[in-house]
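A, B, C, D and E are the chain letters, set down in written order, and residue numbers restart from 1 in every chain.
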Amino acid sequence: MLMAKVVGSVVSTQKDLSLVGKKLMIIQPINAEKQEIRFQQVAADTVGAGVGDYVLLTSGSAARHLFKGPSEAVDYAIVGIIDTFDK
Amino acid sequence: MLMAKVVGSVVSTQKDLSLVGKKLMIIQPINAEKQEIRFQQVAADTVGAGVGDYVLLTSGSAARHLFKGPSEAVDYAIVGIIDTFDK
Amino acid sequence: MLMAKVVGSVVSTQKDLSLVGKKLMIIQPINAEKQEIRFQQVAADTVGAGVGDYVLLTSGSAARHLFKGPSEAVDYAIVGIIDTFDK
Amino acid sequence: MLMAKVVGSVVSTQKDLSLVGKKLMIIQPINAEKQEIRFQQVAADTVGAGVGDYVLLTSGSAARHLFKGPSEAVDYAIVGIIDTFDK
Amino acid sequence: MLMAKVVGSVVSTQKDLSLVGKKLMIIQPINAEKQEIRFQQVAADTVGAGVGDYVLLTSGSAARHLFKGPSEAVDYAIVGIIDTFDK
């Protein structure tokens, strides 16, 4: 799972039905020093995360299977809010 | 999901049967500042996106399962048109 | 799907049974300007592509499911020949 | 599988149910010279690894299937402790 | 599939049961000019490859399905030895 910071959200009216009602957050991956790595993506929130939170992201079929529809369009999901980084 | 801008399309006559009838758009991934990231790919459109639109992309088995054939060749699909980036 | 140019092929005698009889082409991913991106890989051809052709590549389970064996080793496949890039 | 060094852990109270009870370790991928490569991620431990250990990581559906729940959020798992690198 | 050179192996005593008895080789991905690309990983050998061999690698679920256990930890496998690169 990537560590990331929630930096915003997107609004999309015209979208796949499976995305209706999902919170689509813009996330910036980070390392344990909270430095930015890689590139921003959009992840479906499953844990009530908000802008500024540090979160755990899962990807691929692990993200897709968190939802119950037959053809979920999600390939990135927020699955935890990070309280502390222990190093 | 990656954020991206639709920058064109490709024409392919000789292709896998599962691609026949699909709109194959060239997309340039971007961050929330609309700066280019990563590299261009081709994605199958599912939401009526056109050149110049900002879109959401899904990848891998999430993209494949959006279509109903037994062996869909798609590994990238456009699943939403982004109206606004809230940061 | 990645855009790519076919730049060669590999010969392999000792290989997984699922690869026997498949054309294994060396491909160089490109962007819509035909500039090289990323890195070369080997993809199984499904559309009769030859060296010099511009092609579409699919990856992961989408590539694997194009073939019918129970344990196909393919994770990259050529699924279309690009006639034109419209930008 | 990536080679990596375990460099810490994260604490997360608010998280997907499938992550409850799993040890979530921060890992830094390395090459065989133990030089850092790529970027840090969080992996679920399955072999009793601790901070400072060199480990093997698996990703994607291979990591997810190591656990038995219907919708496991894990996409990275520690699956071995490396005793020696033979080069 | 990535092209790669086998550069070593790892020894791991404490590991997932599915890895017991598998040869775990350190591989360095290369391009068709045999120049190093990307980063080293560990792949399970399925074709009798040894150090110094040039090989084909498959990844993800294609690698996992080469083995028959219900929860195989492998996400990278050597599936061919390259005899010649034709460019």
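Just so it is clear, a residue touches a chain if its C-beta (ideal position, glycine included) is under 8 Å from a C-beta of that chain, and two chains touch if they have at least 3 such contacts.
None of these values were measured; they are calculated from a predicted model.
Asker: Over the chains that touch one another, what is the least number of steps taking subunit C to subunit E?
Answerer: 1
Asker: Overlay subunit A and subunit E by their C-alpha atoms and let me know the rotation angle in degrees, rounded to the nearest 5.
Answerer: A turn of 145 degrees brings the C-alpha atoms of subunit A onto subunit E.
Asker: Using the average of all C-alpha atoms in each chain as its centre, how far is it in Å between subunit C and subunit D?
Answerer: 31
Asker: Using mean CA coordinates as chain centres, what's the gap between subunit B and subunit C in Å?
Answerer: Roughly 19 Å separates the two chain centres.
Asker: What residues in subunit E touch two or more of the other chains?
Answerer: Counting only residues that touch two or more other chains, subunit E contributes 60-61, 63.
Asker: How does the ring run, chain by chain, when subunit D comes first and subunit E comes next?
Answerer: Read cyclically, starting with subunit D and passing subunit E second, the order is D, E, C, B, A.
Asker: For subunit A, which residues count as touching subunit B in their complex?
Answerer: My answer: residues 7-16, 19, 24, 26, 39-43, 60-61, 63-64, 70-76.
Asker: Touching subunit C in the complex: which residues of subunit E?
Answerer: For subunit E paired with subunit C, touching residues are 1-3, 29, 31-32, 37-38, 46-48, 56, 58-63, 65-66, 77, 79-87.
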